[in-house]
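Some structures to go through are shown next.
Two complexes, one shared chain (subunit A), two partners (subunit B, subunit C).
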Partner chain A sequence: MLEKANDNPLRPAAPSLFARLAASQEARLAVITVLVFALMGALSPERFLSVQNITSMAFQFPEFAILALAMTLTMLTGGIDLSVVGIANLSAIIAATILTQLAGGTQGADALGWYALSVAAALAVGLIAGLFNGLLVAVLGLPAILATLGSGLVFSGFAVVLTGGSAVMGFPEVAAFIGNGRMLGIPVPLVLFGLLAAALAFVLSRTAFGLKVQMLGANPLAARFAAVDVTATLIKVYVGSGVLASIAGLLIMSRANSAKADYGSSYLLLAVLIAVLGGVNPYGGYGRVIGVVLAVLAMQFLSSGLNMLQVSNFSRELIWGVLLIFVMIVNARPDLFQFKRRPPAA
Partner chain B sequence: MSVPLVALNGVTKTYSGITALDDVGFDIGRGEAVCLAGENGSGKSTLIKILAGVEKPDRGRIAFDGAQQSALNPRASAAAGIKVIFQDFSLFPNLSVAENIAFSAELGEGVTLFRKRHVRDIAARTLARIGVDMPLDAPVETLSVAHKQLVAICRALATDAKLIIMDEPTTALTEKEVRALLAIIRRLKADGVAVLFVSHKLAEVLEVCEKVVVLRNGRKVAEGMASEFDAAALTRHMTGRDVALRAPAALDASAPVLFEVASLSKAGAFDNVNFQLRRGEVLGISGLLGSGRTALAKALFGLVAPDSGTLTLGGLKVPLGDPLKAAAAGIGYVPEDRLTEGLFLLQSIGRNVAVGRVDAHSITGLLARAALWAESADWLNRLRVKASSIEAPVRSLSGGNQQRVVLARWLARGPQVLVLNGPSVGVDVGSKAEIHEIIADLSRQGLGVIVISDDLPELLSTCHRILVMRAGRITDDIPAGSTSETELAHRLAS
Partner chain C sequence: MQLSSLRIDWTRNETLVPLVIIAFCALAAFSDPSFLSIPTLTDLLRGSIVLGIFAVAAMLVLISGGIDVSFTAVAAFTMYSTAMLLNTLAPDLPWYAAIGIGMAMGAALGSINGILIVGFGLPTLIVTLGTLSIFRGFMLTFIGQKQITTLPPGMREFGRMMMIRGTNPDGSFYSLPWAFAATVGVIVVTWFILHKTMLGRSIFAIGGSLESARRIGINVRATQFFIYVYVGALAGLAGIIHSSMARVANPFDLVGLELSVIAAVVLGGARLTGGHGTLTGTLLGVALIVLVRNSLVVIGVPATWQMVVIGLLILIGTGLPAWQAKRAAARAA
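Entry: the complex of A and B
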């Protein structure tokens, strides 16, 4: 029974490329993204399709797109991280405080050194905040949605206490590069997002950690019974989420040329929406970075287009909320959206 | 001949292409006890669900008292007097005996306010009807399994039951409790209430039954007077073959001790458990539901932390209460409930095997994917898992193949001791024999195998030695060749 069998009943099935594309969630999302782009382009061609608009979009979206990557990571385990905006702002405020209080008005090589220190401090804040979340969720077993709701308030609260609620500003020039600079003509935020997305995709598909994250999300009980190190894996996930959030915080700080406790308050909903729209299963176990990237683009095209059409900010929040509920319904009950063909008339 | 209470005719039900019930028909008369026998997966549960109105049959007719039921739903079914007592009894543990008994009756009367005296009246009347005396105010969670079952029976009776369907009624009962249950069933029958016993081990209730119906793979394969059946005949019809009990090849007398459990205790679960497992030995552990066998199995793999005691594997202490350390020490565990504990249902077959070996294949930090997939595919082949593709979700496999996927995950890790909790629950007869063959092979290769099961023929044909657990203690240590199924059953339940 246990000798090596010669016949191979497990030949991988090879459906045609087209069939696989048509069946994949990501392919459908790509079509939607192109459609949104085309629609906005058609409604307002001279403004939406201008080089200026395209460039400004490329500077805008990476900050919330990176938060969406963090959200993807936690949602894959069936959890969520509602503290990402709090972590981003707290990290930015720590970095900003180092730059303004310690670096003073230095420029040149000195300023670069201070800047490197502030970045390291911001990443450390993200790491510690993520570790805190990870301990709450993985070790104490709190529900992620409540644990991170609470910890998010703690992080924001720290940020307010440190600054008295006002903006911290006055950075050396070097701090502007990450948010406003260009490399080979490409906006640095876009490059940064591209690198982080690629890194996350790589980690999820090519490392033991990535596979464990997905299996753990698919069935935490079976993961425990299969001797997967559930606790350690979950802690790493929340640490990863925290570090990604602190990078987003550095980006926001650079673009706004200041740091404040209540920046990016609309980004939390947006990050959740993008992850869900990108096909990440909120119950865990399924999600691909490519889907999230496509969803980011679709959302930015929509947001920018609505802006051109002079839709107010309040209406946009309304639209995001409705869209989130709609996408969740489509994912939960696909049967409601399959139009049955009527029998041909006699 | 009078109109039967329930008449089924040509009932057929398929779930996404798989036929669960195929043209099944039989009658149940008033005050009659019928025994519906079949192995796991034979269609028994589907039939219960159809009678209870939870599932609709694709084809076939159902009549209550001669009236055709075209659109049965749970309310209509309950109104017609069909009551199902599920294996877990569906009671409210924190409510009192009286409240549990009167709950459905009160709802049925459409009252909005709780009437304590009325509730106690209903409960006392119903208990008197079956001739049982029980404290009305005791919370149900404090009762024994047998008493909980009586409460469930009373709840059904309080709502004017005409047919009580009992799902696996005897799995948790001792012999004495089974006899008490049978006495009550006789009273019910005299009272005009019909009973349908549904189970895979029914020999013990045969004596109160008028009729036996046997299902196999969704078809009715036998029907007749209960007096025409005995335990052996039931088994033969259920499995479709004469299951010859063949004890496994004798264990090499010089085989060294591999694994030792010493004074393992956990309050409320098991108490002072001691045993040794030798290289190549297959050790069975059996006991009724609630005897502590599952808690013990989990404790061996670190899923339950014992209060005291030691596990020693190959001369080294195994840390307690940590599945990662138990697995690292060389213990594998195939869980009881494959669907929730064993498998990642929506993930691919390949990933379900690979998950056990990801760390071993990522020494450089990167996952050596080709090697990992090749190894998984190799183990799936060795265990002859039949699947269209290694990429297909594991959910698409049959029960027997799913069980082999879980086995492949553990065998790929090369364990020294493998704990199998219910290794053939819910798999078809053919797969069961193959799984037993795999166990025999593992034993020949020198693994220590612990089989936890309440399937006595399975234990007798795979194990060198059988430990019997009662109330958390090991009460018997029986060499396989020296006992029979009847004797073993008696030791479990006496």
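Entry: the complex of A and C
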């Protein structure tokens, strides 16, 4: 049933650079992303390619893209984190409560201090929530999908309990910066996402921890025999996912200028979708950050482009689904699309 | 394991969940004696009608080693399209025709899942995640977004057919619709398939080990295809029942419920790894979730705590057996 993606490192190198590129998932995805961009640009050039649209896209996607990074990290180990949206909202609500209840209406330097405190609190919430998930998965041995489904309900539930289900709003101006500000003309959310993606890519491909994560996902038993501390690695992975989720939460809070228990509920499936579209193997062991970044861009180009074309909002969902299934079929059966010739199955 | 089979195994979900249910009811009855009454029971049963059908469907997929998150979208698609279809083309069709059309439509959508999973060998979670978006997106884009408040007469009639009807001492009414019989029917048919047919054994075998099932000559592809079509038909039925009982077809209903349903099934002892799952456990899981949803206030917990409680129940319900299994494995090693 499970058709492994065609990224077997033992396969002899293809003869030409082109054939090698065509065989890699990320290259195919890059082609798809460029095609989507070109198509949308061609269909409504003066609107889709406008500076205004490009910047508005740069403000929009980082919040769910960061959640997709969190999803990528956990999926690499063969797990999943269904609690990311719950963690994001709970973190945002804790930060928002500190800003509104404790800081009152302070502005200026005082407000900056309070904001720093609220950010620290939000990150701490992400860390603790991630630690909780990590303990459930690594120590108690719960399947990740159930552990995070349950803990996600608990986190969202606490967010509801704290707020009674209503939005928390009224922040000092500094809180708007990470969601709406610019640095050297570049939207801050984009900068933040770029930094986080680069950091994750570095950790996964250049550090011992990254190698352990990939080994763990490819074969947990082999990883254990190779002296990988499975428990500690898994806990770190879920802590990382929790912290990423809380950063996304701060971003959502800043952009919405409020925090609420049910913000971003559509982001959960979107984050899973992006990770899988980006070539992350949901059974673990393979995934590259560059693929996830490409998938995020393809999704955002599609939804902004369709928006320009006045297509109903809901058709995005339809097209996302079609794109996901299409990419999965291409990855599973490249022979159907003549990207390369495969020897007949043994 | 064999030695302890005569004793009560406290870590089995089929033991644990009823204990929690009994404790919950005892607490509720203690704080509000009127809890133990027929209206509470009918409320509980009515709340389990749609959830119960969904849970049976989700359980079947879990037993086979897959996971389906698209069934709520199938149900929403079916109820909305059927209501619209009947309203415009054949408003006079009786209720059983509406159910028949709904189940056929659900089965057709389920066969799309089946083709993608069996035909292309794609992972079930990813396929159904994709089709969840596709079915919902297609319905909202091309069929409609406004809720249908005037259902076709057949569906309206079905929603009004009551098995039990009565009046409370305080003058309010309680009732149990005939739709409940549909849930019972689904349970009986599924029980029959699972335990009295070769098909059912094949479903368990595939979930236990796909490769072993293939080698003993089970037609894995046909069995898997059947599962997704059957689940689609059940989802269609649940959709028609949901809108008949709600007396409105709201295209935004139902979707979002899928993870809670899977949670109820897992609470009842089905395993995500496949091969395990019982109807009794599943129904107990549904009962517990509905009980928490309906009556948390009765035991003195504010309604805002509902999500936290359900989340904790899932963690405890799956954590205890997982912890036990891990300890057993550690002892054996």
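The rule is simple: the second predicted complex is superposed on the first by the 295 of 346 C-alpha atoms of A that agree within 3 Å, B and C clash if a C-alpha of one lies under 4 Å from a C-alpha of the other, contacts with A are read in each partner's own complex, and residues count from 1 in each chain.
Definition applied: contacts are C-beta pairs under 8 Å (C-beta built on N, C-alpha and C of every residue); 3 or more make two chains touch, one makes a residue touch a chain.
Here the structure is a predicted model, which is why all the values come from computation and not from measurement.
Of the two partner chains, subunit B is the only one that A:Y286 touches; subunit C does not reach it.
More residues of subunit A are touched by C (comparison of subunit B with subunit C). Contact with subunit B, but none with subunit C, is seen for A:A226 once the two complexes are overlaid on the shared chain. When the shared chain is aligned, subunit B comes close enough to touch A:Q214, but subunit C does not.
In the superposition on chain A, no contact is made by A:L184 with either subunit B or subunit C.
After overlaying the two complexes on the shared chain, residue contacts for A:S151 are found with subunit C alone; subunit B is out of touch.
Touch criterion not met for A:V51: it reaches neither subunit B nor subunit C. Overlap of the subunit B and subunit C interfaces on subunit A comprises residues 1-3. Across the complex, subunit C is touched by residues 1-3, 82, 136, 140-143, 145-147, 149-158, 160-161, 164-165, 265, 269, 272-273, 276, 282-283, 311-312, 314-322, 324-325, 328-329, 332-333 of subunit A. Those residues of subunit C that touch subunit A in the complex are listed here as 65-67, 116-117, 120-127, 129-138, 140-141, 145, 210, 224, 256, 259, 262-263, 266, 272-273, 302, 304-315, 318-319, 322-323, 325-326.
Across the complex, subunit A meets subunit B through its residues 1-5, 7-13, 206-208, 210-212, 214-215, 218-219, 221-229, 285-286. On the side of subunit B, the complex with subunit A involves touching residues 303, 323-324, 326-328, 333, 335, 340-347, 349, 351, 354-356, 358-359, 361-362, 365-367, 369, 377-378, 380-392, 409, 434, 437-438, 441-442, 445.
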